[in-house]
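Okay, so here's the structure we're looking at.
Per-chain numbering from 1; labels A, B, C and D assigned in written order.
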Amino acid sequence: MTDDLQVFWATYNTLVYTVGVHAMLALSIYLTLSCGLLSLGNAAFMGIGAYTAALATLRLGLPFGEALALGGLLPGLVALVIGIPTLRLSGVYLAMATLGFGEVVRVVFLNLEITGGSMGLNGIPMKTQLWHIVAILVVLVYGFVRLRRSKIGRAFEAIKEDETAAKAMGINTTSYKLLAFVLGAIIAGVAGGLNAHFTFFVSPREYGFDPAVDILTGAIFGGTGSFVGPMVGSAILAILPELLRFLKAFRLAVNGLILILVVIYLPNGIWDRKLFARLRRKGSA
Amino acid sequence: MLRINGLTKQFGGLRVLDEVSFQVPEGIIYGLIGPNGAGKTTLFNLITGILKSNTGTVHLGDELLTGLPPHRVTQAGIGRTFQNIRIFREMTLLENVMVGMHDHLRYGLAGTLLALPSHRREEKRGRERARELLSWLSLDTKATIEAGSLSYGEQRKLELARALATEPKVLLIDEPAAGMNPAETEELMGEITCISRRGYTILLIEHDMRLVMGLCQRIAVLNFGVLIAEGAPAEIRCNPEVVEAYLGKDV
Amino acid sequence: MIAQQLINALTLGSVYALFALGFTLVFGVLEVINLAHGAVFMAGAYAALLLVTKANLNIWVALPLAMLASGALGLLIDQIVLKPLRGRRAHHLMPMIATIGAATLITNAAQGIFGAETSRFPLGTIPEESFQIGTIRITELQIAIVIISFLLMLLLMVILKKTRLGKAVRAVAENPQTSYLLGINVEGVFRLVSFTAAALGGGAGVLIGLSFNAIFPFMGQPLMPKGIAVIILGGMGDVRGAMVGGLFLGVAEVMSVAYLSSDYRDAVAFGLLFLILLVRPSGLFGRVLERKA
Amino acid sequence: MKKVIIGALCGLVAAFAVATTAPAAEIKLGVAAALTGPVAKYGVPIRNGFTLASEEVNAKGGVNGNKLVLVIEDEQAKKEEAINVFKKLIFQDKVFAIFGPTLSNSAFAADPIANQAKVVVFATSNTVNGITDMGPWVFRNSIMEADVLPVTVREAVKKFGIKKVAVLYGNDDAFTKGGYDVFKVVLETQKIPVTNTETFAKGDVDFRAQLTKIKAQNPDAIVCSALAEEAANIILQARNLGITTPFVGGNGFNSAKLFEIAKAAADNTIIGGPWAAESVSARNKAFVAAYTKKYGAEPDQFAAQAYDALYIVAEALKAVKLSGNLEKDRQSLRDALPSVKIEGATGPFTFRKAPAKAGVETGYDAQQDAHIFIAKGGKFVLMK
């Protein structure tokens, strides 16, 4: 039995790490979404974090903790700088501006000497351990729970529901949007740093348009009613391709089909608390 | 208390407000009336900083409000409700009101994340105050349900409670009786009077003449962006220009 | 060189515009960012390929038929994937997520059916000589792409502006609820727009498949971010804007290659998109959509 | 009761042990290739090459009577997937060795896993520098651009009297960028001036802007590192713009697709590589015929290199005496591999120890002579 477990763990530990990192990315985009911001820049922030942390380890020989901290700090600073002019935009226009920003970041990775161009950075040492990911997730979840029951969480939600009304309540919406954007970037950056240190390698194509959309998909798929939904959704989307491996050539097609079915039958996402409540009532009645 | 001086607003070539000036004295209910499109809501948006005026100033006491962003105007002491109800539908009533208290809860991000005593103390104080405000408008029994499920009239009241939570010196109320039946309107009049008695200065936009005349100590009349009359209800009722603007209506 | 580069920009821009026309139409009327547009584009190319190779049709006969086929696919996507979401209180991005599912399903099914390898139209499907006009060289296919994309845009504009049908479409784009109350068959308009947009996308797939000689399941993927950039630049849902946006992107890309550096071409193009949005938050042609104040 | 179960388990274990040491054992070999997603067009021919070769080996009685069993997994050309697949093959399927992954990018993520677990990882399509630096368990038969391009350029210069060249390459792809990096060094060492260097991105359909700029500089040849479809369309569009200079191509040009699209326009294109469909050796002819018969399509170099790779491992396995102890057998395979010499579809093949790198033991690269081909009348003809 323990042998089986060992084999299972040896086989799937990277998948477990990946699920953890995806959950972090989901939280990062949930944070911006919870403030009504549709950002497609989180993949770019993840990339900045991954490259920064990897270079800190490879070139500067910094300890992992400091490398991760830098990997969170730099995306946060970049988010601060681009957030100030960008966050005036709303809805799809913000999404497109951040998409444009993401493409610029990707091209910069492709052309800088220090980032290794399209060859990326390889030979990044394996530093990430399960407890790192779990610990950070626990801290984040705790933070989200605290935030939810505070004036800051309420300000985010007010801005999401009605920005003009939120302003009329004395909320400095610009700063709160910037706060959500920057915190989201920091979380994405740390997730990127963790990812870089268990996959040995980073390259620009991991942080382009498709990954940006994937992060958003995980969050919406899970349901944005609470921070649990995005984590569940992105975890499912990370595991699904492995579960469908037996389908061979058609596994991604089935993956798409499942996505469609969930959207049609659970339009508020998988983690729909209102639906749960309804089911519970039905069950007890 | 609230001084409006020469306020002008143009949209393209259209002059929506033209050199409007009046003063709202402290402690009274001041009515702002006028036909549709007279510029009443625009005036509110100018006072609260949602729109920028072309010329003119707004003062609250000695403080210049013109040019401040909306949240600073609110912090300076202007609370408002909206004509087309803008409550936060997916939050509970309590949360709605506590959003209004945003600037008066004294703790920060660190306090929240580290669960400092300041957070707990202030949240508790906030919750108690929010319940008190809800009880002013007899909504306290519904404090923990989602605001979206309230009736229309209740939503209007919730907006009032939420605006009060910003601890305003002047409360701007935009057509509170719109869409209400006579009984509801009656109840609302009582509640606004109550609020006024608690020492709030109120600036009220209303269509319902009966409500305005019954409630307000002073009234300003706007027509096509121009202030055509200002005075006590009795003067306004006899003003020929006002009668003409409201031609056919029982003033 | 500058004249040739302008021609290059014109043809590249027409390709982008052609791709973006249907994309912007769906956004304008259904208010969905249809990320399955690239899949429909690919399906059009494969349909024409089958018609040319299996049914031995001439390409100019196969093109409209392929457009019909991809139009039908677009209609199917709308009916199966998008219709169930309409009128339900779903997250406003759910329809977009649904189209991602559809795109994944269609492209990977295509890969299962047609194989991963690149297919191409048989030799001689179209003439491939180029003309020399002064110092400029241009191929027949390039001219065809420019003309067809301009014609399609004009046709769309005329239909939208002048016909009753077009007025109905515009009314629905403006406000579906009101249109319904006015007696417009809103669902019918949605079906028509889905069909037309997908047909346009499929047609673009055929023409680009012809000009690049490469048809493969993921051929639509690299065009998606560019398509999005085009409709943003032009103002979302604006047919004329899609054309202008496409040409703008074409010029931006070609000129940054010609006078800056091809290394940073995409950074220049998307950096411009970023800057333009900051200056004009609704794109070059977009009306400033004032949300209910 | 407990004893009975333990007894039964022991029996089962014994049965397994007997089975694995029995004369007709199965030798599991893992294949990690991109079989879905955009990179599948390279992964599928690779899988086909392996499948064809293993069927041939098994049809002839296997290796020392043992059957080869391929465990083929899709790695989608994503780094996390590649790692997952490697781990599954190593720990769950317990394969002897792994072939793959398809892209160099994925190799940088997944190969350290195999190296750490002491399992041979054998690349057939990773051409960039640094792959075999990852450790002593990394092998490849994909010939490096650094071995091919100096010869290619020298031959091209000799043939066309080239004085100056323009360079065009895809800069967001490790394969084409890797080719460019080598070209750059080669052009510097051979002192050939570069008029201008232009890039494009994956998914581009129009290269006219870059080509127009190149045309204005009037180079004697265009040195180009691109994938086959891009290469063919670059050539076509160059000809449409009135550029008549020859092309000097990297590894990606080596494909039948070049002629399917560009036809005679590709004439005078010079490439180097370990393999071309037109190579006349009997071994290659047999491979091309068998592949075309089985899959109904012509093989490309990826299929050829995969095909050869399986024969190389089969050859090494002949020298391995299976012990039934997986770790020991993996080590024996690793030790047997470096000395393998075969005559494959790509010609004579041996390994070469990769140059040592500070403190890290390296793996093995391919030692193969590059052939230089020139395009004539819609196909590649051997030049040297």
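Note that in this section contacts are C-beta pairs under 8 Å (C-beta built on N, C-alpha and C of every residue); 3 or more make two chains touch, one makes a residue touch a chain.
Computed from a predicted structure; not experimentally measured.
No other pair of chains has as many C-beta pairs in contact as A-C. Overall, the chain located most centrally, as judged by its C-alpha mean against the mean of all protein C-alpha atoms, is A. Distance between subunit A and subunit D, defined via averaged C-alpha coordinates, is recorded as 34 Å. Distance between subunit A and subunit B, defined via averaged C-alpha coordinates, is recorded as 41 Å. The mean-CA centres of subunit A and subunit C are about 30 angstrom from one another, to the nearest whole unit.
Multi-chain contact residues, meaning those touching two or more other chains, occur in subunit D at positions 35-37, 171.
Looking at subunit B, residues 50 sit in touch with two or more other chains.
The set of subunit C residues touching two or more other chains comprises 108, 111, 221, 263, 266, 293. Remark: subunit C residues 33, 35, 80-81, 84-85, 88-91, 93-98, 100-106, 108-109, 111-112, 221, 224-225, 228-229, 232, 236, 263-264, 266-267, 269-271, 273-274, 277-278, 281-283, 293 touch subunit A in the complex. By the touch criterion stated above, subunit A contacts subunit B in their complex at residues 143, 146-147, 149-152, 154-155, 157-158, 161-162, 164-174, 179. For subunit C in complex with subunit D, the touching residues are 1, 4-5, 8-9, 11-12, 15, 108, 111, 115-118, 120, 123, 128, 130, 132, 137, 139, 208, 211-214, 216, 218, 221-223, 253-254, 257-258, 262-263, 265-266. Looking at the complex, you find that subunit B touches subunit A at residues 48, 50, 69-72, 74-75, 79-80, 82, 86-91, 95, 98-103, 105, 107, 109, 112-113, 115, 119, 123, 126, 162-163, 165-166. Taken in their complex, subunit A has these residues touching subunit D: 7, 10-15, 18, 110-111, 117-120, 122-123, 126, 199-201, 203-206, 241-242, 245, 248-249, 251-252.
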